[in-house]
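The structure under discussion appears below in the form of structure tokens.
Here the chain labels run A, B, C and D in written order, and each chain numbers its own residues starting at 1.
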Amino acid sequence: MLATYDVEALRQDFPFLQTGVAYLDSANTSQRPRQVLEAMERYFTGFNANIHRSAYRASEQATEAYEGARDKVRAFLNAASRKEIIYTRGTTEGINLVAYSWGRQNIRAGDLIVLTIMEHHSNIVPWQILAREKGARLAYVDVDEQGLLRQDQFETLLQQGPRLVCFTQVSNTLGTINPYREMTASAKAAGATVLIDGAQGAPHLGIDVQETGCDFYAFSGHKICGPTGIGILYGRRELLEAMPPFMGGGDMIRAVRLYDTDYAPLPEKFEAGTQAIAEAIGLGAAIDYVQGVGLDAIHAHEQALAEYALEALSEVSGLRVFGPPASGRAGVISMWMDGIHPHDLSTILDRHDVNIRAGHNCTMPLMERLGVPATARASFYLYTTRKEIDRLVAGLEDAKRIFG
Amino acid sequence: MLATYDVEALRQDFPFLQTGVAYLDSANTSQRPRQVLEAMERYFTGFNANIHRSAYRASEQATEAYEGARDKVRAFLNAASRKEIIYTRGTTEGINLVAYSWGRQNIRAGDLIVLTIMEHHSNIVPWQILAREKGARLAYVDVDEQGLLRQDQFETLLQQGPRLVCFTQVSNTLGTINPYREMTASAKAAGATVLIDGAQGAPHLGIDVQETGCDFYAFSGHKICGPTGIGILYGRRELLEAMPPFMGGGDMIRAVRLYDTDYAPLPEKFEAGTQAIAEAIGLGAAIDYVQGVGLDAIHAHEQALAEYALEALSEVSGLRVFGPPASGRAGVISMWMDGIHPHDLSTILDRHDVNIRAGHNCTMPLMERLGVPATARASFYLYTTRKEIDRLVAGLEDAKRIFG
Amino acid sequence: MADDQFYRDYILDHFRHPRNYGRLENPDIAHEEYNPLCGDLVGMDFRIQDGTIEDVRFHGRGCAISQASASLMTERLKGMPLEEARKITKEDVLAELGIEISAARLKCALLPLKVVKVGAYGLTDVDEEEFGS
Amino acid sequence: MADDQFYRDYILDHFRHPRNYGRLENPDIAHEEYNPLCGDLVGMDFRIQDGTIEDVRFHGRGCAISQASASLMTERLKGMPLEEARKITKEDVLAELGIEISAARLKCALLPLKVVKVGAYGLTDVDEEEFGS
């Protein structure tokens, strides 16, 4: 951990943390600092108007703040152009947009789509639906015993010339940080289009989409200190230009006639209807906040926490911990306690004011692969402390006492 | 106006109105009372957690608030079941959901889809896309000189046995309140499925979906004193049950396997991914607020304002006012001033701190029909005053002086 | 932190030492229900004589709440006329558990009731919501 | 409420009395641009001789900003070498208008520039953003 990283000072920014709860469910949704709430408040109270459509000052101010947030996201991802930054509701909508628009235009019968067994349902179900509709095939890259993707399998699948390769930057169950740069390079070299699920990557690692070379990258505002109801789809301009619109309606048009329509240029083409204006502005403030702390510092903080936690949890008898060593993982730890169902663990921990996730984490195929019906998952963020991890361990011991 | 309707007291609830701006653009997006902002704030600071997925108290409190808001919407629409209430980003997404899910399952080549010429682009473009994909036909009901739908034409089109009839409850340009109950009854009798665009109806009139008998009803939170980023699609349960999902991902599943998925029951089936949680809670508070004032009182207030405004505007020479008499219209007035483009009008009015909409209001086919490239539109809500209308009239006179 | 108020001794006792656990040979009715979201599974085998549940056994796996609730349910069902079993309500089940079940855990607690209603009475069109969905 | 600062006299004058308004017979170049969002239309006809804009006329309809901007543009273009016209920037146009154009009105102000760049120079791959889109 960096000497200058003052987690206690950062915690002061997060209203919910003041309740005293040890919030260890940030991979599910993060807390939001008052800087984000205040940015939204400023919109609601100071220039609460719709964007793009009107020519008075409040509307222009709203448009400026909304488009300014897009510029922040562009810089955050180092995208080449602001036209490549599409507002969505979240990662799920971003992936579905690609499946509907790019997928229905480009995937044909017999095409191969490569996924991995650690994908979130949001990066599986849209492809199942598309594959069924088009008669395409799905194939999954497995994990090894450490919870790392089997790169040998991945290479073998690439030799089959997949049309599309989709994988997560960071596993929301195992915490595994995938070698996304190398995987993207291999997949591109094999001629595939590459979509990276950045839901867990953007908040903790960030990405340089140009350097990475991926075609699509989706993430959610609510996991990166931003509000609910907003997310981002990055798409390479060339692809976005060629894609048909996803939803039709206001703002995504240039001219509507009774029987046909000219669509608006990017990014509006993919932003039909009134957008989540306050939420986009809040996301801009969240990006500012996270970049203010620094992605490198956040990642170092989380990796130190993961190391500390893995060490402490290894002392808890009867506890199985999934995933790779701390060096290759983000601040996500999934566990299975012999004789105590994760739901019971979660309930007991809650009575210790420790909040964790119990369930399949929206990764049922991975659960099946790991041989458990569910896990108990603790996940960290920039505001997590060692003391909270100590409370987690104490809670686990208490659960063992109760069920013992 | 009801004697008990205290508009000045209501205005105190709206932070943006305290800036002194005469906000006459509520058909675009409404102002939001502090009760709504506070409900969202309570979530962000008191129980900021994801819903459904976790078993600790903050998550349960969030789930309760989120689902409680759904119950409020159910009651507001008098839907038969909470399973019929689907959260969306807004009207546009709601209509697109129907076009993608119901439309692709039910519309076949040669089928007729009846729309009206006063529809918002959001209720045109999705049907154009669907019709092109399926080889279906579109037909439009025209308006008469007063801006009322030509019911004779509507009846003639119904005789052709349309598969789907879509129309707006209230026109966002003309202010026309369509006879939506009668039109729904006729269309249902003709065997059509009926979608009502409630974007302008829900905030000002409300609806009883069971009494009306429509199959789908969509509206936006941001026009009914709620936050941006949230809306509602009501669908009759029988139809929703039979429809395939729209987006795939987390929460809309019962079980995901590698090559197939069981979908969740309603309403989750249509709510893929992390939803706009804070916004749904805010929408619940908005419904409470609007129902607290009373839809009847709001409508009476707006109709009195419309009457007052139509009277005052009729004194402004060179001004053309579109739409029906006050008795048949909501608080929406579109205008054309000879020799002054709506954009110039809007700029000048803005310099008087009067905010109106200038443009085509996302109703380009109607603009074409009215023979104008754009209009200047003033629109009212529960917090609008006669004094603000006086300021509008004064601003129009000043514009004439400047351009005179 | 009053966890003992939640996982009361008798609940843990039913979880650790489930009553009527196992299978019946040639049961008159057998039905299983599964909650894929958490992996909870409860199945029951019934022997019916003269409209009365003469014997019942359950099997399954999952959290303490679902398994203890199943165990408690079998104790209640044994010797009960079918007619009466048909009338067992959600409230009955929760009262018997005797702890405050939060919304997120309701599904666990009511899974055994679902087995009874769907399986033994052939109610295919059950309202999922009734069982905490 | 300083509206006179916005709609300055010379802007209104150019709107009311547009310079070089009309069409040319057999122009060397003719191009129109249309903004469907507000209905603004600006078209220009050019007569070119020895690489210089010998004559130019505009026609159109729309708001005061777009029409005054077009009128001002024709005054600037007349007698200008094509090479020079090619270099006219957004900033030049806004400076000539001499008023603060808000983002929402930028498209109106720059429509005539778009006519020049797209029409007279055959730039088909223009960046819409450059013209306020």
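Quick note on the criterion: a residue touches a chain if its C-beta (ideal position, glycine included) is under 8 Å from a C-beta of that chain, and two chains touch if they have at least 3 such contacts.
Note that this is a predicted model, so its numbers are computed, not measured.
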item: Per Cα centroids, the chain farthest from chain B; value: C
item: Whole-Å gap between the CA centroids of chain A and chain B; value: 31
item: Averaged-CA centre spacing for the pair chain C and chain B, given as whole angstrom; value: 46
item: Between chain C and chain D, centroid-to-centroid distance (C-alpha), Å; value: 78
item: Length of the line joining the C-alpha centres of chain B and chain D, rounded to whole Å; value: 38
item: Where chain A touches two or more other chains at once, by residue number; value: 54-55, 57, 59, 255, 343, 347, 358-359, 364
item: Multi-chain contact residues (two or more partners), chain C; value: 36-37, 102, 105
item: Full enumeration of touching chain pairs; value: A-B, A-C, A-D, B-C, B-D
item: Of all residues in chain A, those that touch chain D in their complex; value: 54-55, 57, 59-60, 63-64, 83, 254-255, 262, 265
item: Complex contacts: residues of chain C adjacent to chain A; value: 1-4, 6-7, 12, 36-40, 61-65, 102, 105, 108
item: List of chain D residues in touch with chain A within their complex; value: 36-37, 102-105, 128-129, 133
item: Touch list for chain A against partner chain C, complex; value: 340-344, 347-348, 351-353, 358-360, 364, 367, 372-374, 398, 402-403
item: Residues of chain A touching chain B in the complex; value: 15-16, 19, 21, 23, 25, 28-29, 31-32, 37, 41, 44-50, 53-59, 89-93, 95-96, 99-100, 117, 120-122, 124-126, 128-129, 138, 140, 220, 222, 227-230, 245-253, 255-261, 272-279, 343, 346-347, 349-350, 355-359, 362, 364-365, 368
